[in-house]
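I've put the structures underneath this note.
Two complexes follow with chain A in common, the first pairing it with chain B and the second with chain C.
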Partner chain A sequence: MAPIDNESLHKSLDNLSLNNESTFNNVKLVDITTQLDHFCSKLEPKAIVKEPLFDLFQGTHSLEINNPKLDSYLIPLTKEEIEFDCDVKHGATPEEDLKYVASISDRLLRYVVSWLNEYQSLPTTLLSCRYMERLLNIKPSQQQVYISYETGDPLYDKALASLVIGVSYFATFIKGLLFKRVIYEEEDLNFNFMGIQGFDKLPEQEDVLHALTESIEYIFKLYGNNLNDYSTHLINILKAVRCLVKIENVITKYSNETDYLDKLIQIATYLDGNELKFDVPMGSFSMSIQKSFSNQFPPKQVVTPGKNYLGLTTMAQDIKLILRVAEIDTAVEALQFASFFNKLKQRHVLARALFPLFLVRENGEVIGKFSLEDFVFSHCMEFSLMSAKIVNEINASDELNNLLSPRLQECANVLYEFYQNTSQNTARYRQGYNRQLLLWDSAQAQLETVEMTLISNKVHDVVKNNDGSEIPLMPYASWVFTMKVIAMIEFVLKGFDLEVYKPFETFDMYYYTYHLSHQLQACLDKVHQFIVKKIDSIHSMNKKIKKLKAGEKKEKLKLTYTTIMEEETPQLQTNKQYLNYLLLQCNMNKSLSLFQVLQFAILKSVKLIDNKAPLSSKFVKPELIHNLRFKTFSSIGVPELPDYKSFQETLEGFVIHEDVNSPSFVAQLERIKTYMIVQINEATKCIKTIIRAIEANDKNGEVFTGTRLIKDDALHYYNKYLGSTLTLQANLEKLIERIKNKSIKNDESTVILEFQPDSSTYFPTLTVVDQQK
Partner chain B sequence: MSIIYKPLDINNLSHFNKIKELIDIDLSEPYSIWVYRYFLNQWPELVFLAFDSDNTSTDLPIGCIIAKSESHRGARLRGYIGMLAVDSSYRKRGIAKRLVEIAIEKMVEDGCDEIMLETEVENKIALRLYEGMGFLRVKRMYRYYLNEGDAFKLILPLTKRACIRSTFLVNEQGVNDSNIVI
Partner chain C sequence: MEELSLEDIVGNTLYVTVTYDEDIVLVGKLEAIDAQGNLLINFVKEQSNKNQKSPHQRMLGLVSIPRDTIVSIRMEKDVLAKKQVLKQDLLSKVI
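Presenting the complex of A and B:
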């Protein structure tokens, strides 16, 4: 269609007129021409007229009349598209009608995958279907969407209509997830519904399922024993849509039933192996909806769907995976499940959206078993709180309880945020920690204040420092500190995975990880020591009992011992093993980070890299750049961020300052290499111990990883770490060899961060390459 | 060939149309005229154009940079580079770099604490240009562009305020929205 010229436009506008009786949709219209002229006369030249909330972001979504790139009204349509009628049959014979209905249904199902798995938009997939548009485009007065067309053929009027409504019902469910802000519009998926009202006026789930079932029965009845490829295909698609409609049960009924997901996987596998060649009726899929409805995006071609049925399998398997969280027995299992399920592989958007809603229910309960406050308490009990004096003290004192409760409520809020964040997309996941760190920091400070009150009342546990001095356990604050520092390390290392850092920043980031790991280790050691001491003291009770003469005192102690052995010792043993795991993980990151720090120092020693931004511009201020990178941590109270000078001095301390050709350089290089291999060996030992524990389902007595329900993902994660120990070492050997045989030419070489196959993306290698690469 | 750089003449409509053309060719996302007017009308002093002074047949720009500056969360003055484009026949001559330098100099003069921009993760040329001038990737944004590509948010810190979380900065700057009519 040609753009409207100015003359025609003016003519059309001249025809517009209002009188006192003019209405639109029963709303009285008022002539505001005079007011408009008045305000326009006051406008300054070049002024921008906009609503306060219409910012640049909104502006980038604004359209422009007569610009073919931005005006969807200019989309050209074919005669078939313009004249397409959903209320007539399109086949010349019943066989052809079956093929057409099966082909439209097939395309709709594949569009579900294009939309959700391949990030396509609604108008270019599902809403490009004229049959969708026909049923969903309802009049304002219409109470509900009808499940029928008017062709007179039940294949269209019953089967196709129920399928369209089933798909629409599923789409509306996804829309609801976007409103719950567990996934984000445009980022995670697109629900550009074009202002179509029908999405909000669909029948109930039961009615939709009933309509689908009726359609399936109708086709069976129609074809009896003569089901052909097309009718079989159509039945399978209807069954698949029935499964899609049931997915909402995960959050409406908190059902962890998986039969329908298994069925969906089975159907997807069948469809994938029995693809039919189809033609849809001309004009039945079109860009016309972009032209005639409320469109906020530039015109876009309708998607041609590929053979993507297995995308449904991915979706179903990922949902099945997240439903396993219902089987958690302990807080540590929940924590580990959340930490691993979406870590290495970004899960299907629907599974990611459902996870936080299924885990923490609308009433605030975790998997319908615990309140969030109890959940915080469980996290602490499974870490540092078991057998601590503070527990009895707080239980016995309303005053202390009142002091602690609001602080634990705050922890519950941060913990909720932690669990929500784990299912975010890979980039938003890192940003989530940016905010979360401040909340953990604040929670820690407040809990410390409460625990200091207990310390002043002399009701607290202590552990011995290396120098023999005593330090308070502070079990609550220690737990928060651990959660915080683990989050800090994750934030830093995730930056490598997302390629946020340049090679020159590698030293700073790994040195900081080393520093954080060191601080974390001290805290974990403290808690570990407390647990071991507690277990020892319980065991010593038994010896004491044996030494006592028979009598009331002995019986009383015996009873106490039996109670503690039953109620506290098993959890203390598990806590000790869990601490072992946390210490191994901490040591693993610490050793690998130290390795990277030293690798960087070697590269700096041969003048291939520096930890400052290249000074090729007058705007580069290295200290400011460093401080900007560490902005996230600058306000964290403990552990305090080392200043810029400390980073510089530490690096200089590692660098070999001798002439690269001198024997002492080579000797020092060898010394550093030996030390680096020690780090690799240490990391390897830690990783292998963790892997052994996971493989043995935590039953080998040393380490409790809590990964029973997410075993494969956890194993995959640690095996990648194991891969890194090999690739990092190989890269070191190669570098040392090149330095020794002087094959590195500084003016032709540069250092890149390289992801190696089967290795962790948290530890890319610092690889020397020629400048061209 | 000598290139000269000039600030925008907001009254020159042919320059405006050429700017739009230069940018529309290269950008993955089409912008409406509103977006151009949003920048050019509110911050004309932060738009710079490059001209080929040897080409006497036309006075149209062969490159441009479009920027703005405003208060960020009431905590710091943030410059923002919105668009940068150079005619394909004039590339690899340092024109884009010079345009960025001029814009930064102006924003420094105006007291900006930092300058921000976004660029596609796959746009290695843009990343090399900006990172060479001290811009730092501060975060990655998932599927930021309509073409489904991720983006990096880059910041060039100019003062210490750029390195402190907004929450901990006292509001010392106001928003200059005086030329916006509601």
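Presenting the complex of A and C:
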């Protein structure tokens, strides 16, 4: 571009120096209103001139000036709100001042619950408090937020100020969690801090706690033995806030101390049982902050908090629960803890945020005990790696070690992602699996390459295939495969829980779950067989020793035997029991999925449903819809996704093609029903065995579930599965009955996916209902 | 300003005064304008110098301003002058 010559510029500037010139903040401006109007008048009525990179769709999110619903400048404020002064007392008497301070404090504490438990925004809860705004709205030159007002009354200046700072400190801690990306703005909570600088300039935790303690002592001193309902209430609120301020210790000191959480539960219970009638000073809570501070949102009414103290109990109990992860002894326990703690019920947002940070520390250590790489190794050892030849071989070879280490590092990253994902909100949780599957798949492929090198060196364990041939164990790849397929099954079934699928997709999804379970079972059987073989070979050593004559050879073998018995056998036994558990779980999903597949086939046989989208058109083919649904799995190498044709052929294979009124139809229906009951019984057997093991704390010697620390949640989960066996069977009986007595009218009936009480949301029933319903 | 067109103005910082409070100035980047003169302005700062001791300023993000609420639209004089010179220079070369 040519440089601008000064003469032309001055000339141009002179031309602009008309009556329409002005200054704003020392910037010389020219009024161009008339010219713009003139330009616009020449445009076509529907024309829009825009910046090339600007997406007009964004415009739909814009705030419209002069629209009361969107323009926060137009928020009407009362005289009391405009004139509200935090530096004067609002009560006419000391008693009234106590009531006011207690009422403001009470409301602030309830707002903490509204904000965190009830998904309310910060400006409509905590930041609507003028006392909060007053302390946090600091000048850029101010180094730190002051813990005081200037009323001259310590109740306001000390007690209320310390409480406001305590709540602000806690809010800032939550803000920090958002930055760590363990929870997400809008999805999990809202931290619209309106550009207020004070959040980043709060005193240290110690000073905040000290201020709160001083306030409690002051009130005790002020009222001595004459504590009334209001002063007692205020003291309890101050104590509750002190507990909130301490929560950060979970990730700053990695403390699993729970005394302050117990105290919080106790205080919340007290407050819940001692509700007082409060009036806050007029204007002390207002929408004014939305009007005067940075705000990219439409105006919203200030929340009227409910009697929600027990929300603090929920929060404290959930945090206490996640802190139990510090007690894990084994990798399986960690895996099970993570799998169950947030599965049936979405835990409190704070507990979900703290869990991944508490589990995997800033230095990369898992609960401060082992590195992520060691953690991966433990997962493998507690599954398939114990006593495998590969372990010694790798330990003895730097070359092999160097080959394996980067692959295990890759696994550590995926495992980290897995643990992070378990605490996400339900929608993101499934999305997380979507991302994870490809990572597991890639990790498996890489580990297989390393293990193939060992196989070519003839250093590997083998197990027998169904046909009697030998196949390599590949302990590392088998573990990754298991993790991957379990994640795939979870991803598919979670879709039912989240109501992602339409009834017509049920067959495809359950058939795929069945297919995956079948593949998983083969892998688990392989590892199980290896472990049993190892245990047997160790036991046979004893017989061998007995047969040997006394001597050096016998002594050497004896020593080896003793070492193996001490160091390997207990873990092998646990692994066998853990494999038993995984097999039971796999079988449970497999049987229930097959049941659903057959239920769908029966419904198709009576022409109530098909596995094709009802609104297929020339542009939307059923195969396209199917492929879109299975897009996630299309890139997975192993197990390979069956093609569309095989889904169709399988379904057709199950459908009864005879006339509904013919005797052979009824006979076939009965046969299918009998087979489906077998599946239900099989699933029931598996579930009951798992439940028995959990109830017996894994001490019945058959099954190791690793759910010691998360027993209630695990029991709840499997009991819901047990409930599903009953509801699915009842639904089947009902359907067969209706088919037999011909009470289903096809043109008036439809099939829905129905969640049944006390049943698993992974297996909703395919229920026939009137179309009108 | 005859040499300029709307395309030259779009993308520049505008200072918009609105009807409900003429002490308030909305300063932001013009993203789009339609035939009716309605504006879409981004990164908007709401500024006021009503109180000389503590001038008010807050961020509003993306804002749409209907034409009937606009009192005046202003642009930085230097920027406008440079635009004009560049346009004149370009036109003279082309013609």
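Following the convention adopted for this analysis, the second predicted complex is superposed on the first by the 707 of 773 C-alpha atoms of A that agree within 3 Å, B and C clash if a C-alpha of one lies under 4 Å from a C-alpha of the other, contacts with A are read in each partner's own complex, and residues count from 1 in each chain.
By definition in this document, contacts are C-beta pairs under 8 Å (C-beta built on N, C-alpha and C of every residue); 3 or more make two chains touch, one makes a residue touch a chain.
Every value quoted in this text rests on a predicted model; they were computed, and no experiment measured them.
Of the two partner chains, neither chain B nor chain C is touched by A:471. Contacts of A:548 after superposition on the shared chain: neither chain B nor chain C is touched.
Judged by the touch definition given at the top, the superposed model places A:186 against chain B, while chain C stays out of reach. Judged by the touch definition given at the top, the superposed model places A:629 against chain B, while chain C stays out of reach. In the superposed model, A:614 lies in contact with chain B only, and not with chain C.
When the two complexes are overlaid on their common chain A, residue A:88 makes contact with neither chain B nor chain C. By the touch criterion stated above, A:696 is placed in contact with neither chain B nor chain C. Applying the stated contact rule after C-alpha superposition, one finds that A:678 touches neither chain B nor chain C.
In the superposition on chain A, A:64 makes contact with both chain B and chain C.
When both complexes are aligned on chain A by C-alpha atoms, chain A residues 43-44, 46-51, 56, 59, 62-64 touch chain B in the first and chain C in the second.
Contact residues on chain B toward chain A in their complex (touch as defined above): 10, 24, 29-35, 37-38, 41-42, 82, 101, 104, 108, 114, 121, 131-134, 136-144, 146, 148, 150, 152, 155-160, 162-165, 167-168, 179-182.
Interface of chain A with chain C (complex): residues 1-2, 4-5, 8-9, 12-13, 15-17, 21-22, 24-25, 27-33, 35-37, 39-41, 43-51, 54, 56, 58-59, 61-66, 72-74, 195, 292-296. Only residues 1, 4-7, 9-11, 15, 18-21, 24-26, 29-37, 40, 42, 46-47, 49, 56, 58-66, 69-70, 72-78, 80-82, 84-86, 88-89 of chain C touch chain A when the two sit together in their complex. Across the complex, chain A meets chain B through its residues 43-44, 46-52, 56, 59-60, 62-64, 67, 69-70, 119, 186-188, 297-298, 425-428, 430-431, 434, 438, 498-502, 613-614, 616-617, 619-621, 624-625, 627-632, 634-635.
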